[in-house]
Every structure is written in structure tokens, then in C-alpha cells.
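We call the chains A, B, C and D, going by the order they appear; numbering starts again at 1 in every chain.
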Amino acid sequence: MPGVALSLVGILLAAAAIAIPTSGTRMARPLVYGICLATTLCLMTVAATALIGKSATPSSLALPAGLPQLGAHFRIDALSAFFLFVVNLGAAAASLFAIGYGRHEETPERVLPFYPAYLAGMKLVVLADDAFVFLVAWEFMSLTSWALVIANHKESDNLRAGYIYLLMASFGTLALLLAFGLLAGAEGNYTFAVIRSAPPSAGIAALILILAIIGTGSKAGLVPLHAWLPLAHPAAPSHVSALMSGVMTKVAVYGFIRIVFEMLGPPGWWWSVVVLVCGGATATMGVLYALMQRDLKRVLAYSTIENIGIIFSALGLSLAFKSEGLASIAALALTAGLFHIFNHSLFKSLLFFGSGAVLNATGERDMEKLGGLIHSMPQTAFVFLVGCMAISALPPLNGFVSEWLAFQAILLSPQLPLWSLKLIIPAVGALLALSAALAAACFVRAFGITFLGRARTPAASRAQETDRFSLTAMLILAALCLVAGILPGVFIDLLAATVQFLVGGRMPPQTGIEWLSIIPIAEGRSSYNGLLVFLFMIISGTLAAIAIHRLASDKVRRGPAWDCGYPDPSPLTQYSAASFGQPIRRVFGTIVFRAQEVGEMPPPASTAPARLTVKLSDLIWDTFYAPISGGITFAAEQLNRLQFLTIRRYLTLVFAALVFLLLVLAIWQ
Amino acid sequence: MNLNALDAVLAIPLFAAAVLAALPGYQLTAKLNVLASLLTFLAAISLFVIEPRSGDYLLVDDLNKVFIVLTTFVAFTTSVFSASYIGHEIEIGRLKPAYVRFYHAMYQVLMFAMNLALLANNIGLMWVAIEIATLTTVLMVGIYRTHEALEAAWKYFILGSVGIALALFGTILVYMAAKPVIGEGLYAMVWTVLVVHAAKFDPALLNVAFVFLLLGYGTKVGLAPLHAWLPDAHAEGPTPISAVLSGLLLNVALYALLRFKILLALNPAAIAPGPLMVTMGLISCVFAAFMLYRRRDIKRMFAYSSIEHMGIIVFAFGMGGPLANFAGLLHMTMHSLTKSAIFFAVGHIAQVKGTQKIADITGLTVSTPLLGWGLVLGVVAIAGLPPLGIFMSEFLVVSSTFARQPWLATILALGILIALGGLFLRLNTIAFGEPRGSTAPTHASYVPLFAHLAIVFVAGIYLPPTLVSGFQNVARLLG
Amino acid sequence: MHGLVFDVAHLLAGSLVLISFIELYQDRLFALINIFAAHALVLALSVAWQAYVQEAPHLYITAAIALVFKAVVIPMALHRIIVRLGIHREIETVVGIGPAMLLGMGLVALSMVVMLRVTAEADPLAREDLAFSLSVVLLGLLLMVTRRNAVSQVIGFMSLENGLVLAATGAKGMPLVVEISVAFSVLIAFIVIGIFLFRIRERFDTVDVQALDRFRGERK
Amino acid sequence: MAVIGHFALQGVQMMLVLLLAPLLTGFVRKMKARLLRRQGPPLFQPYRDLIRLMRKEVVLAENASWLFRFTPYFVFATTWIAASLVPTFQSGLLFSWSADLIALIALLGSARFFLALAGLDVGTSFGGIGSSREVMIASLAEPAMLMIVFTLALIVGSTQLSTMSAFMNSPAVGLRVSLGLGLIALVIVAIAENARIPVDNPATHLELTMVHEAMVLEYSGRHLALIELSAYLKLLLYVSLIACLFAPWGISATTVEPKTFVIGLAAYAVKLAAMSTFLAMFETAVAKMRVFRVPEFLGAALMMGLLATLLRFVSGSF
């Protein structure tokens, strides 16, 4: 099984190699993306068979490459099969989207070679079964995505984004490297099989946990390691943004799960506290940032951070229950996390595709320059709306189900014996609830300002519907969002093997329940039936419509907007993204963003415009990143003096070193 | 037959030097230079096939076999690069043809000296060889005769001479330590004999000797704070020489250091060389990493990167143990190949843009895509990103150290990270963005550049078992 | 016999250290050159004594080189360079003479501690020699780093080399290779320095290293 | 046979809430008018309003998109479903388990999501102001509501409304501080969600501080009718919710027995009347607050919810 997967990955790499010389030609784009689509679909099948088929027996493979005398190890087990599926689903959609979207690419030679390589990197991370292959693939994935981020390198912002991204990625890799160093010990047992068989002692495990959170968190976008994410994800071409946000962050989560759930042995209770706090803070901060952005793709990137927070919270919950031996509840929490991973990969890809379509149609990412696209791009608007609903956790779509499962797990926290956990988990629950509500606000804003209202610029008014490939990709994802929302039981059962593998328990089978409800624990406790809710909505809505149209009136007259007295029809009088976010900024901004509003009013009778400027400062950037960057600059500045010494002074240095070492010798013994 | 290969490695360059000094015309001499280097390389490879017996003066073992092949290989590729590079320099009148004759002769002398240093079985001979190599490079660094070049050569010369002196003192001390055990005369300087008796040497004398050798050869390796000559010599000399300096000469000096480290490691009562090397390695790595940020000259920047990597390598050897030593050897090899490749690219870039100032070099991937991407790949490799070779060695160094000395590994990791930041900060403007300024037409030789990168790439994924077992033998030897 | 051998070697090596101190003390260029000549002379004596004691005739060559080359030729050459280039006769020092002397004392003490402690079972003759030569080496370096004038730095470097020669000759039975290489390195050093001085002269009219230092790579 | 009975019962519940909702609003209006010593509109005025609106033609802004026309039906459908899932006179109805309390809140969230979008659709400043304030209020009200759910679920061990109501009716529940806090928080949330004074004023159409009414300003005719009806339904929903959780008397478990119906219905009517009277009194007694005081108001609810959850652990241990 891993052999098949690897050869498919090999095809991707070959496609990357082919793309280097041919990327200038017209056939290159459909060819490369076509190959990617075909291979990812095959890999999806492989993953699905591994997930459904014989989940209990992982199959592995060793190649005589990688670290000397160790070989390169690959394995497909229930965990990697699940992530392989998610990764390839997203990748297949992105490839399909890109067949159409890539037509607008200005510099295909900077995208086509890296795209398949990037896909290959992500798959290899999931397939890897030793630390070296894992990290090579991990960093290769970062490297290729870095190249994609700076594909449009003539904008200096993109270069800066790429720079910060690469630094943070390498930082994360080094943290993981240290973690694996601890796991492997001084003898260098880098295969996961050996690591698994000998879990570290509690103290070491704690250190590894922290390193793993830093390492994978910096890739996934955990606050405060997220700073690169909202810069880098939007900078890449949209299908790559979708992959980075929708898929690569999941690969990071995979790394976390692999290390923490599988290699560290039985978890300590406080692990979950760390993960929960990180997750809760990330979710809230992420969505608050998202609400303040005006760049559509950046909104989506920050929303990814929020969702990563939700996922990590679910994982933290699972750890908490696992550490107390409550396997079935741990399974519930983990199912919620994994299901959310799947869901987020669907709707985040969908939304990035949508933003890409908008970007292509208008040349704008700035929401303040968009508007009214629902008229010119109705189909894109529709699928984007589905994505917005799904990500806002609204029934009957899929985002709601996974969050609902997470809340169900939170509600079981009284079963934990530890007081600290009992108190922290509801607080995290509150944070999750807050971020879910804010996410809805955020996506009302994103969709409303971008697609609704009237066009704010000529570019927006000239927009045209996007191409068929892109639309197909988005429609498929939207349909999957709906299916996963109304038939969650099927998906939950598919996750059972993975969950069983990780926490040693699973949720009760869901597919056999009548009316296709899902019941996490017991029917008397809680249940949800997406299908029925969906059907009821359709039936009652349609009934109401028919009844009213038949019995009352179905006449429509078009007229100018009322707005309390037919005001100025200029599009500028519309509510803007900034004004929409203003109430929330007023509520949360003073703490989180240290927002300052400065209003300048012209003197009476003056016709000069009044001006309102809002200054937001990024608390996390100011607290963490600015001092580090400043410190490095300072140190570099100070040390740089050593470049300008006279020869005599250099000799003095040599002399000093000599005397020092002799002194050491004199004192030693 | 057996000894012929060994002798050939030394004789070919020496003979070629004599011939090249006599011949006029750069076209011919450049070709002869390539040919001689190729022959030397082939002779070096044959050492693997038929291992000659070691004598009192020359020696072939696992440790130097690897180095000699690497050295002759890089020397060969550099000579190919040099042919096109020097051609351009003559065209633009930066070098006079008379100097070129001198240059090619010197190149071969340098090869001879380095090969001799690697093959010498006598610590005195090794010292002599390294000094010849130093003096040759001093002359070559100053070959442009500009203010800066002369200044760099002068600095290199003074600091190098002091290094020479310190290393000699260390060598004398080793002899003094060996004399009571082995007896007076030649054998007290023969490496193979020294190793056998090392355990009985006066440990304290060995300690002092090691301090001097560390500082003496460490100056050549470019360890901070003894590094001062290195950036300027790299920046102001001809680029092929920068490539040879970074790729080979630093290694040769380090090789000498390793020999003595083995000696010390064999003596249980002597001071552990590890902590000293680890300290100097860490200082070099972190210091050079910070120095990358303020660089305005592209060659000087990569020179600092060489210091950083030498720091990592010395750190690895200082940590010791089979894994770290293995990693150190691998890192040395990979760094040689990568750094010389980078200098190949940089040399052509400087010619194409007519400047070495980073501020004036922009958007290379647009203006000269092959060179630009070659440089990007090189920097990616040198920054330790996979799937290229340096990642593997850094992986082994950092991960194997962390289990033993978490703090040291953390500092090293931070140093690597800071260096990566510095390199990519500059790479951003050099390789990307809108190209500015004029771009001269290129007639660059891409083969050496991409050949090196290809090897580094393959090595990052797959190492041939023979190489691995060779390295492992050496790693065991290094203790 | 042994006592005499030891005493004479000790005396000569000791006077070498002493002369190093005088070099350190001297702040006039011509005087410094003269003292260096004396330094070389004492070295020649010392090497000759070793040649006699060790019954190693080849060491007489080394002694001769030291005598002719270092004690006569080079001082004369330096004299001429100074006159020709019109170099300032005063030496600019970095630290005052007093502190430099104190530092020198410390260095000598350090080398004694390091050396005498470690070679307990070794040949005492060699041991003394090593201790003194280490002192000379360190003092030579000290001279180099405390003088701003190129000529005096060169002299510092040469005294350092004298220390090496002292050590090499004191190491009984060290193969010829070493002596040759020492001589060789001095020779090369001077050829190259000469070349450089010539070129530097050609361009900057001074060998004061500070003038060179103005053209340091990145300060443009 | 029983299935048909259950179906019928569920149908009765659905029609009941639909029919009662305007009446409840009418009752509240009447009460408020009476408290102000006015005659007030007739009790059945909301029905007349609705019918009149339905019969009118729709005047659609030129710029309105399909979403604008779709929203009223969607909002109505979701609100109606949500309202009919809350036990009124009887718990454990056929489909009651298809959405628990959390899902119910999320359903209302869906409705709000579309309503807020519709506010932005025409591209007017009033629509925008309404939408942005609505989502701001919701972003605080929803977490507060979820904390209340947590509190209750921690006590009851379920988020299924039928189970919860049955438990609250049993003697096991006792008197708890958490419940008190939860009740207060729930009332605050209900006020905010239904755009009642002091958060919003349902009676005005042209006031700068309005929220909900600004959002639906562009609606007319049958669309407006549906939105109004949804608002009535939502009020009914919250009142029923408070009733079934904190005053669960008279709600019987699933039986097809006329006697329990009557008791259930009567109890329900009494509860509705009592609570709407209370609402009217409250609204008459307090003044509308500034928009940016609302976060504090709701923040208090959130804190109380959280406090209730935490206190539950303390009190739950004995």
C-alpha cells in the first residue's frame, strides 16, 4: 500500500521535473494540473481503501534511502490514511480549480514546477515513518510553498511574507528536530517504530510536548506563532492559498497528533491544559484579527487560525479525557477534532477558491473595493455563501456538526476528576462559543461586503463569472460541505478506525441509527439530525413560499432603495468593511488591538472633509516579534563593528584567545 | 603501480605548475589547467580502487581518502569554472595575461600543497604543506592589485603568518611529547607511529600543543575570533580562489586539526579537546550568523556563511560520538560542494552585473534565470533546507546533540536559524524582485555549478553505502 | 658537564626573554631594530650551543642563518626602508610602556606555569627551553599587538619566530625538516613582505599599517 | 398507528407555535399600552398586519439580489423549526431529538446570518448599521447562551430539551445558585435576541440606535410579513424555552392522552401570559440603553453564565 502511494508521489515529483522546462508552453498548465488531479484522486482512493478496509493492520515499507543505515521508512496506518485522504481531497480540488484558474497566471514558470512538488511534500509528511523522512518532507513542503508564496515576487510585500514564512517554518522545523532528537536519544533511533516502542520518561515527554506544540503550532498557526500565516497564505496564488490554509495546516496537526498521541506514551493531565489554552486563545484571537482585516484572503487566513484553535481545543479535550482513561469520551473529542479537520479543509479550500475567482474577475483582494458581485458572479457567490455558512458553524452544514461534537465533549468535562480541568474546560468552551459567534460575524462581513451591495469600484462592476473548471471544483466542495453536514454519521463512522488507533476507544456506530441521526453518547443526552433539519427547512420554506404566492400575492415591483428617504446613490455611502467591523472593534479592540480612533472635524462652515483614522496595533507582533527582530538587529549592528578593526586589533583577538586558553590550561587539572 | 597513484596525485599538479608557469596564452593554459586537475582527480579516485601502502612520509587511510577525492573533485570543477571566469576577466581587462600565467601555475601549486597536506604522514610535512597553500593563496588573493585586494592579502598574510607560527609551535610540542616514548628522530613525527603510542605521551604537553594547534590551524579554518582574514580574502580575490578557499582550504586546515584531535582523544589523561572545539564552534556559528545581516558585498556574505558552517562542523567534531562525527564529516563534504557551487554562481553574477555590491544586484531570477535559480538553490542548500545534503548533516548534529546537551544544541539551532534569516534576507533582493541595472551577456559555465548542486541534492536523499561505511570508519576513529 | 650545559642554555634562553622585554620597552624605531639584531644574535648563540651540546652539526646552519640573516641583513634592510620611506622614528604604542611590561611579566609567568608544570618527566633542558621559548613567542605577539607601526610589528613577528627556532632547536633530535621549514618560512615571509612593502610603497607611500586600514572592505 | 399519532402531535405543536406567536406579541403590546394607560391596539392586530402585508405587492430595491428575496423564507423556515422543537405543552415529540438545545441556538444563528446578509444586500447605510450591530450583539449573546446551556447541561446531563425539561420537573433538581444565575442570564439573552428594550426598540422604525428594524428596513409586502412573523416566533420560542426549562410544570412526556393535553395547554397558556406580562412590565420600566452599553449588558450575561458553570462544580460536589 505505501508502495503504491509512493509511486504516485513519484509521479508528482516527475511532473514537477517536467514542468521546469515546459512551463512556458501552453500545454504545460493543463498537463501539470491534470497529472496532479489524476494522481491525487488515485491517492485518495488508496487512502480511502486503507481507511475502510483493514484498518487494524498498518502496512509499511522501507527504502534504501534517507539516513544511512536507517533507510527511509513509510507507513500507512489509520491515522496517516485519514490525513492522506484529507490532503488529497484538498489537493484534487485545488488541481481541478487550477486548471481553469491557472489561465490567469502571469508567471507560470514560478508556479507549475513547485506546485506538484508541494503536493508531493505534503503527502510524504503523512507517509513518513521515520524522523528524517518526516522532517525532510516537512521542510520540503515549507520550501516549495515558500517558492509559491513568492511566485509573484515583484511585490515586495510578498517577498517579506515569504521571508517571515520561511523563517517561522525553519524555526518550527528546528523545534521538531529537537523533539525528535529527544525521542530518538543519543543513539539515534530515528524510526517511528522504535520511538513508538519506547516512550520517553515523563520529564522528557513534557519537553517534547512543548517542542511539538512549538514545531507543529508554528506551521499550523497557533497564536502567538501565527504571525507568518496571514501574510503568506494570501500572497500565494489562490489555489495554493487554499492548499496552505486548508491542507497544509492539517498536515501540521497531523504532526502534532503523531507525536503527542502516539509517541509520547500515556499523556499527563496538564498536557491537555497547555493544548486547550493554546487552542482557545488561538481560536479567539484568530477570529478577532479576521474581523479587522480588509483583504479578503487575509480574512480567510486569519479564520484558518481560528479553526486551528478549534481543532487544537478538541485535541486538548481528547488528551484530557485520555489522560484520565475515559477512552470513549476522548474518542468523542478526537472525532470532533478530526471531523473539523476534514470540514475545514473543505470549506476553507472552497472559500479560497472563491476569493481567487473574485481576484481574477476584479483584480482586487481588498473588500473595500469590491461589492455587488452576486449579480455578476452568481454561481461563485452561491458557493462562496455555502462556504461562509459552513465555516460559521451554521446548521445544516458540516462546520456545525464538528463544533457541536466538540461542545458535546466539553459538556462531559464533569466526569474528569481533576478540578483544574473541570474549571478550564468550560472556560475554553466559552472561548469557543465566542469565536464561533464572531466567526459568523466575520463571514457575514466577508460575504456581505464582497458580494452584496453595489460595486464600489469600476473593477468590481466589470467582473464576470469565473470559468467552468473553477466552478466545478467549488461546486463539488460545496456539495461535500452539505453532504457532510446532513449525513455526519457516515463520516463519523469512517473516522472510527483512526480514533480507535489513537485513543483506544471509539464513538458508538452512527450509521445504524434510525433517521440517520447522530448520537454521541446516548439518545437521552443529545442528538442531532442534520438531514431532518435540512429537509424541514426545505419543506417549511417551500410550503410557506407556495402558500403565500398562491393565497396572498406574488407581485413584485422594482424601485429605488428606500433607506429612510432615498439618499445619495453613490456606492461610497454603503457600509464598508471597516464600518461593519467597528462595533466589534469597539467592544474587543481596546484590549486586543489597542485600537485608537482619532477623529478630525473641520471647523464649522468649512467644507473640508472630516477624517476618522483608526490605529490598530498588533499586540502579539509587538510583544514577541518586534523585540526579537530588534534584538537581532541590535546584535548584528554591534557585532558588525568587528568587520572594521585594524589588523593589530585582530591580532589582539588572536592573542587574547591564546592567553585565555593557556590560562585555562594553567588552571585546569 | 600501487605507489604511482599516490605519487601522481602530487606529481601531476607540481609538474603542471611548472609547465603552466612556462606557457603563454590563457586559452591554452586554462585548458591545461582543467586537464591537469582532471588527471589529478582520476588519480585520486584510483586510490579507492587500489589502496597504496602508506610510507613514512605519505599515508592513505579512510580519513584522508574521502578528503582527497573531494579536494581533487572540487579543484577540477573549479578549474572548469575558472576557465570561463578568467576569460571574462581578461576580456574586461581586470587581469593582465601575464598574471594569468602566474595564476594558473599558482593554482596547481595550491592543489599540490593541499594534496600534500592531506596525504602527509608526517606532522611536520603536513605543516609545511599547509603553509605553502597559505602563501600561495595570499598571492592569489592579491592578484587584482587593487587597494582592497592588497589590503585583504596583507591582512591574510599577517594573520596567516601568526597562525603558521602558532601551529608550528604546537607541532614542536607534539614532537616533544612523543620523543620520550618513541625516541628522537623522524618517527616521533610520523602520524601512524604517533597514533600507536599516543596513550603514553605526556598529557600536559599534549594539552599545550593542542591549544597552539587549535589556534594555529583554527586561524586557517576561520574560527571566530581568528577569522578576520577570511571574509576579506574571499571578497577581494578572484572568485575561483574564493571557491577553493571556502570549499577546500578550510577543510584541509580542519583535517589537520582532526588529526590532532584523534591524538588527544587517544590519550586518556589529556584535556578533552571536545569542549574547546564545541565552544569555538558555537562562537563561530552564532557570531557569523549575526554578521550575515549587515553585509553589503555578496562574496563577503558567503564568506561569513563559511565561517558559520565551519563552526557547525567543529562543533560536531567537538561533540564527538559516532553520530556527530559522521555528521561533521558529511557536513564538511556537503559544505565544500555547496559553497563552491555558490561561489561559481556568485562569480558569474558579479561579472554579469559588474559589481559585488548586494544593493546593485537585484531580480536575478528574472534577468539571468539560470544563475539566479542556481544561486537560490545554493542558498537553500547552504541554509540547511531539505532535501539537500546539508540538512541531513544538520539534522544529525542537532538531534544527536540535543539528547546529550540540550542547551548547546539549542544555541546551535538558533545560530542556524539566525544565519538562515540573514541569508534569505539578502537573497530576497538578490534573486527576486524587479531587476535593476544593466546585465551583461553571460557566457557562464553552468556545468560545475549544477553538477555540485546535483550531487548535494542526491546526497540529501541517498548516500552510497561505500561512502557511508567509509565515513563511519572515520567517525569511529575520531572518537 | 650536565650542569654547565644546562646553565649555559638557561642563560642564553633567559637572555632571549630579557631582550624581548627590552624590545617591548623600546619606543624608538632604530633602537628597536638594533635590539632585534641583538635578539637574533643571542638566538644564534643559543642554537650554536645546542648544536654543540646535542652534537648535531646541522644546527650550526640554523645558527648561521639566524646570525647572518636576522642579525645583520634584515636590520640593515629595515634601516634603509625607514630612511627611504621617511617613516616616523617614534613608535606609537597602544598601551603605555609600563603596562606593557607588566603584561609581559604576566605572560612569562603564565608560560612558566604552563610549561614547568607539565613536563615534569621530560628532559629538563628541553623543558627550560620550551618555557623560555613560549615566553619569547608570547612577548613577540605582545609586541605585535601593542605597536601601531608596521616595522615594529614585523619585528614582533620575527621575535616570535626566534622563539620558535629556540623551541625547535631545544627539541632534541627534531628532524631537519623543521629547521628548514623555519628558515624557509622566514625567507618566504620576507619575500612576501618585501613584495608587499614594495607594492604598498608604490601606492601609499607608507608602510604604516594604519594607512592600509583606511581601505577596509566595507566602509565605502 | 402510534406513529401517526406522534406525527399528528408534532404537527399540532408546529401549528400551535405558528398561530400563537402573533398573539403573544399582540398580548405584550396590549399589556405595554395598558401599563402606559393607553388603549393599545387590539389583541389580534398582529394577525391583521400580517395578512395585510402579505397581500401587498413587494417593492424591491433595484439592486436587490436573489439572496434578498430568499432570506425571508429561510428565516421563517429556520425560526419556525426551532420554535416547534421547544417543548410547549408536551415534551418528547416525534422529532424533538433532531436538534438539541445547541443545535436550536445554531438554527437561530443561521436565520440571523441570512438576515444580516440581507441587510447588506441593497447596499444602504441603514442596512449596514443594522447588520453590523446585530452581529455584534449576537457575538456576545450566543456565547452567553451557550454558557447557559452548559450550566443546564451540567446539571441535567443532557442538552436534549425534552430530557432537560423532564429533569427540571423532577425533584432531583433542587434549588441551586447556578440555576438562578442561568435564569437571569437567559432572560438577558432573550431580551437581546428579541430586540427588546433596553437593547433595541421593536416599536420604532426610524431611530438611529435601532438594530433589528434597520436591518430589515428595505423589506416590504409578504417578505416583511414573513420577517415579522419570524420575529414573533422567536419571541415565542424564547418564552417557551424559559418556560420549559425554569417552569416545566404541566409539560407531560409523550403520551397520546387528551387529559394531559389539556393540562399541558392550559399550563402553557398561563406561563405565556405570565411571562409576557412580566416582559411588558420590564420594558415599560427601563429605558433603552446606548448601543455600546449593550456589550456590557451582554457581557454580564456571559459572565453569569460562566460563573454559573463554575459554581455548578462547587455546588455539584455536595
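Here is the rule we go by: a residue touches a chain if its C-beta (ideal position, glycine included) is under 8 Å from a C-beta of that chain, and two chains touch if they have at least 3 such contacts.
Computed from a predicted structure; not experimentally measured.
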| item | value |
| --- | --- |
| Intersection of contact partners for subunit A and subunit D | none |
| Farthest chain relative to subunit A (centres taken as mean CA coordinates) | C |
| Of B-C and A-C, pair with higher C-beta contact tally | B-C |
| Separation of subunit C from subunit D, taking each centre as the mean of its C-alpha atoms, in whole Å | 99 |
| Interchain centroid distance [CA atoms averaged], subunit A/subunit C, Å | 68 |
| Euclidean distance of C-alpha centroids - subunit B vs subunit C, Å | 31 |
| Intercentroid distance (Cα basis), subunit D paired with subunit B, Å | 77 |
| Two or more partner chains touched - positions in subunit D | none |
| Numbers and ranges of subunit A residues touching at least 2 other chains | 643, 647, 651, 654, 658, 662, 665, 669 |
| Residues within subunit B bordering two or more other chains | 154, 158, 162, 204, 207-208, 231 |
| Chains that touch, pairwise | A-B, A-C, A-D, B-C |
| Subunit B contact footprint on subunit C (complex, rising order) | 114-115, 117-119, 121-123, 126, 130, 133-134, 137, 141, 144, 153, 157, 160-161, 163-164, 167-168, 171-175, 177-178, 181-182, 184-185, 188-189, 192-193, 196, 199-200, 203, 209, 212-213, 215-218 |
| In the complex, subunit A residues that touch subunit C | 643-644, 646-649, 651-652, 654-655, 658-659, 662-663, 665-666, 669 |
| Touch list for subunit C against partner subunit A, complex | 94, 107, 110-111, 113-114, 117, 138, 141-142, 144-145, 147-148, 153, 209-210, 212-213, 216-219 |
| Subunit B to subunit A touching residues, read off their complex | 154-155, 158-159, 162-163, 166, 204, 207-208, 211-212, 214-215, 219, 225-226, 228-229, 231, 271, 276, 287, 290-294, 321, 323, 326, 365, 380, 383, 385-387, 391-392, 395-396, 398-404, 406, 409-410, 413, 416-418, 420-422, 424-425, 428-429, 432-434, 460-463, 465, 468, 471-472 |
| Subunit B partner contacts - residues on subunit A that touch it in the complex | 64-69, 131-132, 135-137, 139-140, 142-143, 150, 153-154, 156, 159-160, 162-163, 166-167, 170-171, 174, 177-178, 180-182, 184-188, 190, 207, 632-633, 635-637, 639-640, 642-643, 645, 647, 650-651, 653-654, 656-658, 661-662, 665, 668-669 |
